[in-house]
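Two complexes are shown next, each including chain A; its partner changes from chain B in the first to chain C in the second.
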Partner chain A sequence: MSSVAQAKAPSRPPTVKRGSQKDRERQTAIWLIIPTIVILALVIGYPIVTAIIESFQKDPGLDPSTGMFNQGGFAGFANYSHFLAQQCGTVTCPPGTNGAAFWTSVGNTFLFTVATVVLETVLGVWMAIIMNRSFRGRAWVRASVLVPWAIPTAVTAKLMLFMFATYGIVNVVLQQQILWLSDPAAARIAIIVSDVWKTTPFMALLILAGLQIIPDEIYEAARVDGASTTQQFFRITLPLIKPALMVAVLFRTLDALRMYDLPAILTGGGPGISTTTLSMLVVSQIRQGFNAAAALSTLTFIIIFLVAFVFVRFLGANVVATQSATKKGEA
Partner chain B sequence: MSTATEAVVTQGRRRRAAKTADYANVRYKRHVGASLRTGVQAIIIVIWCLLPFYWMIVTSFRPVDHTFDTNLLPIPFTWDNYATAFSTELGNHLLRAIGNSLIVGLTTVIVSLIFGVTAAYALARLEFRGKSMLAGIILGASMFPAVALLSPLFQLFTNIGWTGTYQVLIIPSISFALPLTVYTLTSFLREMPWDLEEAARIDGCTRLRAFWQVILPLAAPAVFTTAILAFIASWNEYLIASVLSTDATQTVTVAIAGFTGSQPHQEPYTAVMAAGTIVTLPLVVLVLILQRKIVAGLTAGGVKG
Partner chain C sequence: MKKITITAIGGLALAALALSGCSGGSSGGSGSDNGRGPITFVQGKDNSNIIATLAAQWNKLHPDQKVTVKQQSDKADQQHDDLVQHFQAKSTDYDVVTTDVIWTAEFAAKGWLTPLEGSLKLDTSNLLPATVKTATYQGKLYGGPYASDGGILYYRSDLLKTPPKTWDELMADCSIAKRAHIKCYAGQFAQYEGLTVNFAESVNGAGGEIVKSDGKTPNLETPQALAGLNQLVTGFKDGDIPAENKTFQEEQGRQAFEAGQYLFMRNWPYAYSLAKTDSTSKVKNTVAIAPLVTNSSLGGHNLAISAYSKHKATALDFIKFMESPAVQKQIVLKASLSPVIASLYDDPALVKAAPYLPVLKESILKAVPRPVTPFYPAVTQAIQENAFQAISGTVAPDQALKNMQAAIMSAGSGN
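After this line comes the complex of A and B, so read on.
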């Protein structure tokens, strides 16, 4: 048996691989992957296709324009125009309906996404740079950074509800009496701060992984050439972590676009609908009509897909390539 | 066999450790001047990350009429909130919710691992056409917005009378846990010493046996870490559970979000903080113990948190 370990075979079998062996490898691979693909098709593909089909069906119920009960049937784009054009039947949706809330919640969702992702990126880069330096207790810093990440968002939301309460610690520290949950601007700030607290560590760890593959020699050389710390950051660090950073930003953006737990528990979408996100609108719509909800969730899916597309196509977030590059760097 | 394996692994580890130490040494000398500034910033990071968590624990030990105290220690001190958190008198069922979350989480993890390990093996080890496309599909699936699945699944589960069962919670959980498992495991498995598997196969092992007896034991920590990540994702899930669960199948996140106190319109903050501590502390301890591996899994997998 000891010969097994001594035989230092190359990790890839020799290039004289015969065709039949390659075929067999391909077949094995297909049989190994097919179960996963089938499951994903069932739990993701099936609901999506169903949702798209249903989104073109009428929800049974009273037609607000005629006052007659309708049994459903083909709806054309009515479910979509209900949200996109805020049309309830032939009239404009009155305030308080989900149709009227659509563009506000799109705005809220994008506001939260941009604000949290920008803050998390800046703070994440800072945290990562500190964690990449060597000092005593660095392991403690890296460990403590995992704590906010490990706390369930639902618990975080309750904790923040307590901290942002009228007599809570935030007002005590700020020496203010801000009604965080009754004022639209304050409620939005509370959500953004809570999300930044919870998710920056994750961002920092992704960026740290990018930082760790930059060889020290580059900084050495830059310093010999007289580059200042600022120059080193903008000319070396930032360009070199850009691929890892772009992927981290993409993941965070897609995550933030579907934000639900935090506003649902912290503010309940209020005051009014000033912190209602798209996901919250979908959940509210599910209880009022499946087919309209299907249209709304399809719209949400399309919005998220478009953002991902823009990232990959125009901003150069190459997920697959970055993954393999990171791997090579670490090896 | 196993001692030989260990020898090879330790050798590699030692070489890597020496290299790291070298780097650390150089870095250390360079940063002596700036070390104070680094230290201060490191402390700020630690305080920022831990203070809210600490505040939750401290509050969980305060008597109700001291809810908004500002001293950093829970004086006066009480265990009452933990009794309240577990009590079912006010319609809260934390213990049952913990059981539900365990059932959903463990089933999700087991199913995801069974299918995830085979898929990850193929992606990490085998060469075949369409591999990067499949990897892309699986990664895309892990980024998929769960809310888009919710409405059709809700309708389907209602129609077939599954409301109130565990599978309505487990099936959507698999939609994000399985891609996460495949993705994280693939990047872990790529690092395995495949020479050993090759050698075992030259000695006459089948592919399955070589994987089972040579690679899997070495990959056990990676598989365990992946399982933890998938479990945390399932344990922390709220959106799907809040819509699809009933009172009987309520998970911990739903139970805590809907925690009711004795007074209407008044948050029972101290009891909620106790409940939050109960469902969070085991995870935090586990994560801290497995810190290194978890970070490797999070960043190598590069998937959501």
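After this line comes the complex of A and C, so read on.
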């Protein structure tokens, strides 16, 4: 802000805007923003608020005399304790219910997120560095790298379903008879592999954008100073692509926390509940009780929001520091 | 200025909210007795291309009460969700809907289906009793059975002369499979609705039941139910049911059987014509069928009238049309579906075209429906997850049944 004012000062004499002109500008600004705010409020705010309100209502119960459903009443926090504390009425939720599956699916979601994001970051950086070099046919490499990302997830999941089938190509190549889809650990590996295959191009492209900003002179200077390739990578490349890398990691983490279509089509929730993610649990709960599903989706929203919040604070601090560090001339 | 801003934002938001609240359907009329007019018929994807012909036949007979066919996805879950969305919005767009037999209780209990009584009475005397039961909830009929389905036992006639009549005989016949160096028994044991079907068949076949006759109270902690589950658990443990069955839905088992890898297969009747006509089938001349050794679970579809339909009399006539012998014959010949009229199973022309009909009739006569409960999604999830743990050997069978019972109880009590 202050720099803008300093830039303006030499060009024209400082004028004090009249009150009405400032007001008019502000009013124009507000009128221009109103449509967006209204749409955001309707599309984002209204469903969230409705879900929260509905989550405090009970699901319709069965009237034993007529066999028909009648409206449930106010439920307080019962829908939340159903999932968080595994309370199914008065007993602990038995295996086979959605309540019992909550913490496992939280664990599954975080496991998939951490595993896929770490693998995709490592592979993405590697692929981005390759794509950054100039060589013949680079455009073809860049285009072909995008293919897995371009295929719709549902199609990928079906492809992987055939590949990981008992008599599928994966078992043939590995010369094993691994039951990918009915062994818990193997099913998780199948999901992680499918997701990494599908989304590494996305990471690679975002990181490539960050790589292309780094000027070549820095590497020349480093070579002149006698830095080895490894030193160049860790001391120059990584710190300079950190902003782009952090953005890519943030996007991927939020995406992975919402993972639904890949496990739903590939394993259907997996053997038992070993590959059920939070989103899958919500969809399954919608068919069984809408109000409990509203509570579950609110919980999912809170979890993802917390993760995003942590990231942005972490991200935000790093971005500012790196930019100011670059300005001060640090390599 | 601030007041104007707040009022402006509030006004715009309210206007947009009001506009978005306009849904497609108006609140449903009561559907008077002379509710006649054009109707919409909803069914899942028509893989056999038959409904267009049937709709044309109806439209020729009733030019002022034309039927429009709407086809949904071919996945049962998506068909279910589509119907739920329209019912919840009280949409008058859907008149006659095709419901899977396991959805009747849920839709009826939510008041979304019109009971077929009084002026909308449907005569079910010539229909298979088991199919009529699937359309009944709390003593009232909520739909007309349209197509049935039951499981049948496929076996290799070159290796086995007489099919087994009990599960123990079937397991004893596995020695023949071992001698021929092929696997013994294939069923549907992946964690999906097929597992509920196979599990129910074993439990019912052993004399147990999943729920009591009220359709809601679980009754799994009985020695008979445990015996039924143990049949499957032991089969997996001994390898008579190979472990790969845990990844099998209908198609995987059918392909493995057609490749000659199995002695026995439990599947629906559709697999018969495929086994006989598929170019890659190695069992064209050696596939034979027999009634299940257990009590088959009942599949099939019913036609129901939406509670929000405006032309219920026409809808009822359409249901009667679809249940007429002429139409039922067509669905057997063209779509390989199983008819709901009892006498058609003995019709010589049909039997020639669909040789599985007599065997299927035996299966359906002994069939036991899956639990008739409005909480079916929760109940089937309870069964699937715990049965899968039991056949994987991670949970002891009696503990699995105990968990299943508790989970079904908690489902029925509405959490």
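Everything that follows uses one rule, which is that the second predicted complex is superposed on the first by the 271 of 331 C-alpha atoms of A that agree within 3 Å, B and C clash if a C-alpha of one lies under 4 Å from a C-alpha of the other, contacts with A are read in each partner's own complex, and residues count from 1 in each chain.
Heads up, the rule we're going with is that contacts are C-beta pairs under 8 Å (C-beta built on N, C-alpha and C of every residue); 3 or more make two chains touch, one makes a residue touch a chain.
Every value quoted in this text rests on a predicted model; they were computed, and no experiment measured them.
*Asks:* Applying the touch criterion given at the start, work out whether A:A256 contacts chain B, chain C, both or neither, answering first, second, both or neither.
*Replies:* The answer is neither, since A:A256 touches no partner chain.
*Asks:* Considering only touches as defined above, state whether A:A165 meets chain B (first), chain C (second), both or neither.
*Replies:* Touch partners of A:A165: chain B and chain C.
*Asks:* On the A-aligned overlay, A:A128 touches which partner chain: chain B = first, chain C = second, or both, or neither?
*Replies:* Once the two structures are laid over each other on A, A:A128 reaches no partner at all.
*Asks:* Check whether A:T97 is in contact with chain B, with chain C, with both or with neither, and answer first, second, both or neither.
*Replies:* second
*Asks:* Looking at the overlay, does A:L211 come into contact with chain B only (first), chain C only (second), both, or neither?
*Replies:* neither
*Asks:* In the overlay, answer first, second, both or neither for which of chain B and chain C A:L181 touches.
*Replies:* The second partner, chain C, only.
*Asks:* With the two complexes superposed on chain A, say which partner A:V117 touches: chain B (first), chain C (second), both, or neither.
*Replies:* In the superposition, A:V117 contacts neither chain B nor chain C.
*Asks:* For A:I37, select first, second, both or neither according to whether it touches chain B, chain C, the two together, or no partner.
*Replies:* So A:I37 meets both chain B and chain C here.
*Asks:* Following superposition on chain A, which residues of chain A contact chain B and also contact chain C?
*Replies:* On chain A, the overlap between the chain B and chain C contacts is residues 30, 35, 37, 39, 46, 165.
*Asks:* For a test of understanding, state which residues of chain C touch chain A in their complex under the given definition.
*Replies:* These residues of chain C touch chain A: 1, 5, 8-9, 12-13, 16-17, 20, 77, 80-81, 84, 108-111, 137-138, 190-192, 243-244, 246-247, 252, 374-375, 377-378, 381-386, 388-389, 392, 394-395, 403-404, 406-408, 410-415.
*Asks:* What part of chain A is in contact with chain B in the complex they form?
*Replies:* So the residues of chain A in touch with chain B come to 1-11, 13, 22, 25-26, 28-30, 32-33, 35-37, 39-40, 43-44, 46-48, 50-51, 54, 126-127, 130-131, 133-135, 137-155, 157-163, 165, 167-169, 172, 197, 199, 201-202, 205-206, 208-209, 216, 247-248, 251, 254-255, 257-258, 260-261, 264-265, 278-279, 282-283, 285-286, 290, 293-294, 296-298, 300-301, 304, 308, 319-320, 322-323, 326-327, 330-331.
*Asks:* So in the complex, which bits of chain A are touching chain C?
*Replies:* Touch list, chain A to chain C: 23, 27, 30-31, 34-35, 37-39, 41-42, 46, 58-62, 66-69, 72, 78-79, 82, 88-89, 91, 93-100, 165-166, 177, 179-182, 268-273, 284, 287-289, 292.
*Asks:* In the complex formed with chain A, which residues of chain B make contact?
*Replies:* Answer in residue numbers: 1, 4-5, 7-8, 23-24, 26-28, 31, 34-35, 38-39, 41-42, 45-46, 48-50, 52-53, 55-56, 59, 68, 70, 115-116, 118-119, 121-123, 126-129, 131-132, 134-139, 141, 143-156, 171-172, 174-175, 178-179, 182, 187, 190-191, 194-196, 198-200, 202-203, 207, 232, 235-236, 238-239, 242-243, 252-254, 256-257, 259, 267, 269, 272-273, 276, 279-280, 283-284, 287-288, 291, 294-295, 298-300, 302-305.
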